[in-house]
Amino acid sequence: MFNDKLKEECGVFGVYNLEGKDVSPTIYYGLLALQHRGQESCGIAVSDTFSNSYNINSVKDMGLVNNVFNKENLSSLKGNIGVGHVRYSTTGASVRENAQPLVLNYMKGTLALSHNGNLINLEELSHELKKSGSIFYTNIDSEVIASCIAKERVLSSSIEEAVCKTMKKIEGAYSIVVMSPRKLIGLRDPYGFKPLCIGKKDNSYIFSSESSALDNIGAEFIRDVEPGEVVTISSKGIESNKENMIDKNLQGRCVFEYIYFSRVDSFIDGVSVYDARVKSGEYLAKQSFVDADIVTGVPDSGNAAAIGYAKESGIPYRVVFVKNNYIGRTFIKPDPNERTSAVQMKLNVLKNIVKDKRIVLVDDSIVRGTTSNQIISMLKDAGAREVHMRISSPPFLYPCYFGIDVPSRKELIASSHTKEEIRKIIGADSLDYLNTDNLSHLVNDLGICKGCFTGDYPIKNIKGKQKKLVR
Amino acid sequence: MFNDKLKEECGVFGVYNLEGKDVSPTIYYGLLALQHRGQESCGIAVSDTFSNSYNINSVKDMGLVNNVFNKENLSSLKGNIGVGHVRYSTTGASVRENAQPLVLNYMKGTLALSHNGNLINLEELSHELKKSGSIFYTNIDSEVIASCIAKERVLSSSIEEAVCKTMKKIEGAYSIVVMSPRKLIGLRDPYGFKPLCIGKKDNSYIFSSESSALDNIGAEFIRDVEPGEVVTISSKGIESNKENMIDKNLQGRCVFEYIYFSRVDSFIDGVSVYDARVKSGEYLAKQSFVDADIVTGVPDSGNAAAIGYAKESGIPYRVVFVKNNYIGRTFIKPDPNERTSAVQMKLNVLKNIVKDKRIVLVDDSIVRGTTSNQIISMLKDAGAREVHMRISSPPFLYPCYFGIDVPSRKELIASSHTKEEIRKIIGADSLDYLNTDNLSHLVNDLGICKGCFTGDYPIKNIKGKQKKLVR
Amino acid sequence: MFNDKLKEECGVFGVYNLEGKDVSPTIYYGLLALQHRGQESCGIAVSDTFSNSYNINSVKDMGLVNNVFNKENLSSLKGNIGVGHVRYSTTGASVRENAQPLVLNYMKGTLALSHNGNLINLEELSHELKKSGSIFYTNIDSEVIASCIAKERVLSSSIEEAVCKTMKKIEGAYSIVVMSPRKLIGLRDPYGFKPLCIGKKDNSYIFSSESSALDNIGAEFIRDVEPGEVVTISSKGIESNKENMIDKNLQGRCVFEYIYFSRVDSFIDGVSVYDARVKSGEYLAKQSFVDADIVTGVPDSGNAAAIGYAKESGIPYRVVFVKNNYIGRTFIKPDPNERTSAVQMKLNVLKNIVKDKRIVLVDDSIVRGTTSNQIISMLKDAGAREVHMRISSPPFLYPCYFGIDVPSRKELIASSHTKEEIRKIIGADSLDYLNTDNLSHLVNDLGICKGCFTGDYPIKNIKGKQKKLVR
Amino acid sequence: MFNDKLKEECGVFGVYNLEGKDVSPTIYYGLLALQHRGQESCGIAVSDTFSNSYNINSVKDMGLVNNVFNKENLSSLKGNIGVGHVRYSTTGASVRENAQPLVLNYMKGTLALSHNGNLINLEELSHELKKSGSIFYTNIDSEVIASCIAKERVLSSSIEEAVCKTMKKIEGAYSIVVMSPRKLIGLRDPYGFKPLCIGKKDNSYIFSSESSALDNIGAEFIRDVEPGEVVTISSKGIESNKENMIDKNLQGRCVFEYIYFSRVDSFIDGVSVYDARVKSGEYLAKQSFVDADIVTGVPDSGNAAAIGYAKESGIPYRVVFVKNNYIGRTFIKPDPNERTSAVQMKLNVLKNIVKDKRIVLVDDSIVRGTTSNQIISMLKDAGAREVHMRISSPPFLYPCYFGIDVPSRKELIASSHTKEEIRKIIGADSLDYLNTDNLSHLVNDLGICKGCFTGDYPIKNIKGKQKKLVR
């Protein structure tokens, strides 16, 4: 809802209907349900395993799912197997050419690929491929991954084998759905940075970045693709290859998927995002109780943590913000000289509730601090006596190499200010963050990546491989 | 959010900047904040009281405020006085020609007009005007009102006088902002069906359908325009004419403005919409208590009433629905043969919270019953043990002549089914509605229209004047 | 083809199919054939005389016929009677609201109107109507004409009678097609400034600005509507009212319809436009012979006159220019600092033919002189030894009040320069214009308007009525 | 102008400005002048040799030059070196992905490529590249050519060397402009199927498919790129490599470039297209004289040949057709049940000229025969006594493998009917074609390809290499 937020990279979705029914409508609804993971471009590619043709048809363009797809182009996508993608760019410019799924021809015919994540050895790989004559059209990871698969396919006996070999070459975060004209393959990097799960509806198998999209389309959740696993769906049913899996202790799920990116109704690797957020609020309350009249969350991502804080602290939870759901992407920003702010246009305060109250305000993170400052001002203008800010994640101090788009170090308020300085800047009466130690407890002690909080990443020697730092 | 809802007609907005600053950005933000009152078309018309020209420039088109306006056309609207409009059509087709504000030339120069409401003697008036040679381009009330004003203006000494005379001729619901090149006039019908209030920001006076729009743009709420009042803003400041006001007891505010149409953070005639909704929940709990584990509301309009129910009943309030904010106007509806429903795409249930619970589900109204049925199914599918539906308004039984777009009698479930039949249709374990007697108490005993619940309207003899019934 | 040209105002088209077939396709093709008469906006309005409904449906917008109409909106226009319009604005801004046909409701139902021409007593009429309370939305003549008809209709026994009465009030140039839900009426002002003819195809009667449009749609030319005549088509067939006709000697056809505006394959009032142009070239050759090797015309309007000059002089006619047909409306003009000109992009010279030749170059008029200068330069650059310019009309010296859009006096080269000065400016070796005396002979001595050449207009006392002069 | 015509594949354009000025405007005007060579998609790619960056920026899309480019995107294309392309697809679907110039990254940085022509060993080459792991996004020749260049570049010391090596691998028709970030390279296949010439304007060198585009932008024609030549423009000026040139007698220019595709004002390999067409008419008159009153051409491509026929036969040439220039790409075709035809909408006949005349009608080719039939009908309907059809090329009997899009054999009238049968079908009083023997004389005995007339192609053993036949 606010620009002053961390940005997720992408969402992937894939469907294989064993009975031959068209899957493009299901993918369309799946992408709509994953839209929060990427709003720059989107696309669907389909193939028909029952025809003699090995063609892949696709529609992709800049824009939201609602804008790119219409009845006409959706019904032109005939086929019982398909992949979809929603994209927000971290690497690669925001241009039409970079829209996914990538669709290409190679030795064995055609291939489509949707990717969520960020490689750290991209330049190395790309350089090597070019030395043997490869050409690339885009500057996105996905094209290099596809080229690797195509190259491995020449010496492999199946597309799955080529995919498994490719996993040994690419390093970083990736949840991918690959479609050959007869197979649908879902894979997840060995660290499990990004989520990917499997669902089923009637005679369709489904891959989805998030389980909530399965709910929205009326599908049943089967299980998560495991970190390092390659799951292949074909006319023979479902098969799994686990040769690239690593020790569970080395896994490094992105903790922001729980705290902010994923929808609150998703489950990732067995953990409810809602529960993780509620717990974060509970830990915050234990860690940093403050006497107040009401607890509230910054909509929408702060709400569940606020409920947790309320539960633990005994202070009543109240909704105090009213959102304007009509502020769209083309919203013209207010003149900075005017006193009207974009935040004020998006949120209003229920004055009756706020007046004369001491408020605990819970949010998931502070990036630049500007939004927090405006929201706290609004509460004070509406008569709040005190506003105590509680953040349901630790301070964001280090670059993310795995797909979170973070502003430059200079803009990142926590990397250049003390907690007290930040408190003053945002105008809060007190401020506290969740302790790093509590992070793993939120997710039942699953292996997570704490790199952005501690500088200690699941993959070592990143610096040598990766020239791109935080921008 | 759901199609199966009552529809509001319009929102109006007007600004007069006494210092000569351009008002089009302020109107743009005002219309964004009123967008929930009409999503079919919108427009802005401006004039410059400091120039020698008496021109009015306007931009209007089909679509949302975000789509119709861009930096380029907004900055082309120069002038320190202006009116805006968002429209949902009840009378008049949904075509570009019917977009408002209406802009026209007449004897004294130019005029712009934005209107919210519905006249009941439209045909009578229109016939009379045509008999003297008038031509009309549209089939909307507003054009007839403008023609009346133009005709009265010939024999009046001022535009205000013409407006006051016109009010004696037109009957029905109207909140109007009229702009002549030098004056901005806000008026409200004597019954006060539709809201209209006055705000101030720096050196600008503002008319707005709702006070929440004043909050969003950082303006101060001054007061409501009173039912029957004509408020004129000119270089001389603010003036009021009250010759058309009627006895307070005869007033007939639309109660649905409180229950559903207006944003929850608005105040109308001194009553907080939020408070009115919380009270409706409290009355419901008193009236129709049921033993349950949690109370929740159908987002977003049922939430405040659910909070009231929880408060009065002592049963804890929980948020159990997660919305998809990306389902837009061009959303392709799921094939009815598929098990995926549009409601399911828009809402998902937090299973952890719902499982094995007895739930009180509060909504503002039941129109066709289809949405209620789907939502209750979703709760049951997620493991809810019981679902008790409580509606924060009485059954909708009679046509509305004053601007609510109601489906035909046949589609209106309450007019053809008993409460028990409806309960079965929607699949609830119990069902109850708010009593009609309690309605006035929600709004501190202000005069309200209960026509749609009782068939007894503030204006008598409607049938003779109005041929259009509920469609 | 060139911007430096006089501009025509509009084209009108109407069809009545007696058998009940949809006429919108025929009108679409008719408007395409009249597109040269107006490229700013266009529209079609239809009605169904066989239904019980008296509705008029219309589609109109800014843009070319090809852009505004598509299969979908064209097939939505159901009805066996209709009017169309293509517009270039002389009065009234170039905005969507001014697109025609005008469609309106009045005492007797609905009315649609398409108009070509320009009234001279517009302000007078408009003032009078406003005094009785009329409102206007646009600033175009057509709305005032429609209002007059509506007003007269109140006291008339038929729409034809109201039209005839209106003709007594409006002064100036007008060829109009009016559609009531059951009748189609074509009328032409008493002076016959603008053309209008009647055609027939199968069971359809057709009104068209030009006869060439009848050819294009495969219709038969019946006759011209006579100056001052009102022709009514109804289920009873065709009827004529001639009460507003004036003495033939007073008629004042616009001679530029023959020289430039109308398509060369049209016939107006019995005279072939092609023949009139060939004659103009023959007269020029008689008047102003020059010894040369070839004669050529500036495409396309100068070609027929060049053929006439060649015929009379005995000098061979050659095509020497090649046009680029892909320079459209959105063509980005070359930077004036570059040596590439827009004319050069639109035309190229066949060097083989031009090299070392003495050339007679014929064009229809010189407005600003810039295009002529560029074309003569191109010929000289391609090796032409001499270029003798011959213009097939007299110098344009006075304003036109009847619908030609002329640049301001300052820009009009002939009104501020002698022939010798112009010759130098355009870079010709000699220059001559057609004599005014010869004009009538081009059109078989029909009454014509020579106002722009002589200042003597068919309607007297224009100055008193008309405030708008040449801009 | 007519759909029933042979279709050209593409036009290419490239500019190198040695002083560092932006070339995108020049390319825009160049593409506008080449638009007749391809109307499906177009694009421009630029680079800046004076910057440290090696980036290539591009804009390309479906549509005409006028539609794809606007001031905004054109001015975003900064750089002093660039290539452009207009495309009509013969191989490769008509989709956005196939729009050119192709822009790609490879070992040495970036590359852009515009291609006109058709390879005959495409599948062979593509298969070989894929075997080493290459991936392709499109199904167009140009991508394979680019991949070959990238692959050769690995083992070459310069881009020119890689281009020369690539020419030894690719077989078929190609005129190509390649841009590396510092060089602009124009090359033409050894047979010279497609034209390509060099021009100069101020400090810019230019490659263009046709010389007429140089005239339109005010550039000077330098010379043609010779068949088999590689011309490189860099900061060092112009260099030529001729290692791939073959014996002049083996060359095989496409004779339809002279007869129909190229603009009449172009010169190809020293021969004026206009002169070649006039000569074709002269030969036709010698070959097949008929006594008649006038000679005319089917616009526009038949006109020059008609002038030649008139010259040789002594029968006067007359323009008898008037075109409608407003029939665009989105033109809705008339219902085939109606008597109005698309040809009739596009052309009208000057009846005065045609009436009672015996006419020689000259056209460049007969594809399906439908257009010829309609045009002859129009002349007869307008009163022509006799119509004698003369075609300025031999009958089209065999497939073209080099870039002409011919309809299937079944639709190609000449391959399944005798001359007498065709005469009857088109309704002519007599019919004749140009003799194949005369073809070379039209172009001063340059080596030409007569494959489509005789089945004897400049490249032998085509069948073994090329699976695609005439569709």
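Chains here go by letter, A, B, C and D, matching the order in which they are written, and residues are numbered from 1 within each.
In this section, contacts are C-beta pairs under 8 Å (C-beta built on N, C-alpha and C of every residue); 3 or more make two chains touch, one makes a residue touch a chain.
This is a predicted model, so every value here is computed, not measured.
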item: Steps needed, at fewest, to go from subunit A to subunit C via touching chains; value: 2
item: Chains in simultaneous contact with subunit B and subunit C; value: none
item: Of all other chains, the one whose Cα centre sits farthest from subunit B; value: D
item: Subunit A and subunit D, separation of their C-alpha mean positions in angstrom; value: 49
item: Mean-CA-position distance for subunit D and subunit C (Å); value: 37
item: Mean-CA-position distance for subunit D and subunit B (Å); value: 61
item: Per-residue overlap in subunit A, given as positions that touch at least 2 other chains; value: none
item: Pairwise chain contacts, counting only pairs that touch as defined; value: A-B, A-D, B-C, C-D
item: Of all residues in subunit C, those that touch subunit B in their complex; value: 96, 103-107, 111, 129-137, 139, 146-147, 150-154
item: Subunit A residues within the subunit B interface of the complex; value: 25-26, 28-29, 32-33, 35-36, 39, 64-67, 69-71, 74, 201, 212, 215-218, 263-265, 272, 274-275, 303, 307, 319, 322, 324-332, 334-335, 338-341, 344-345, 348-353
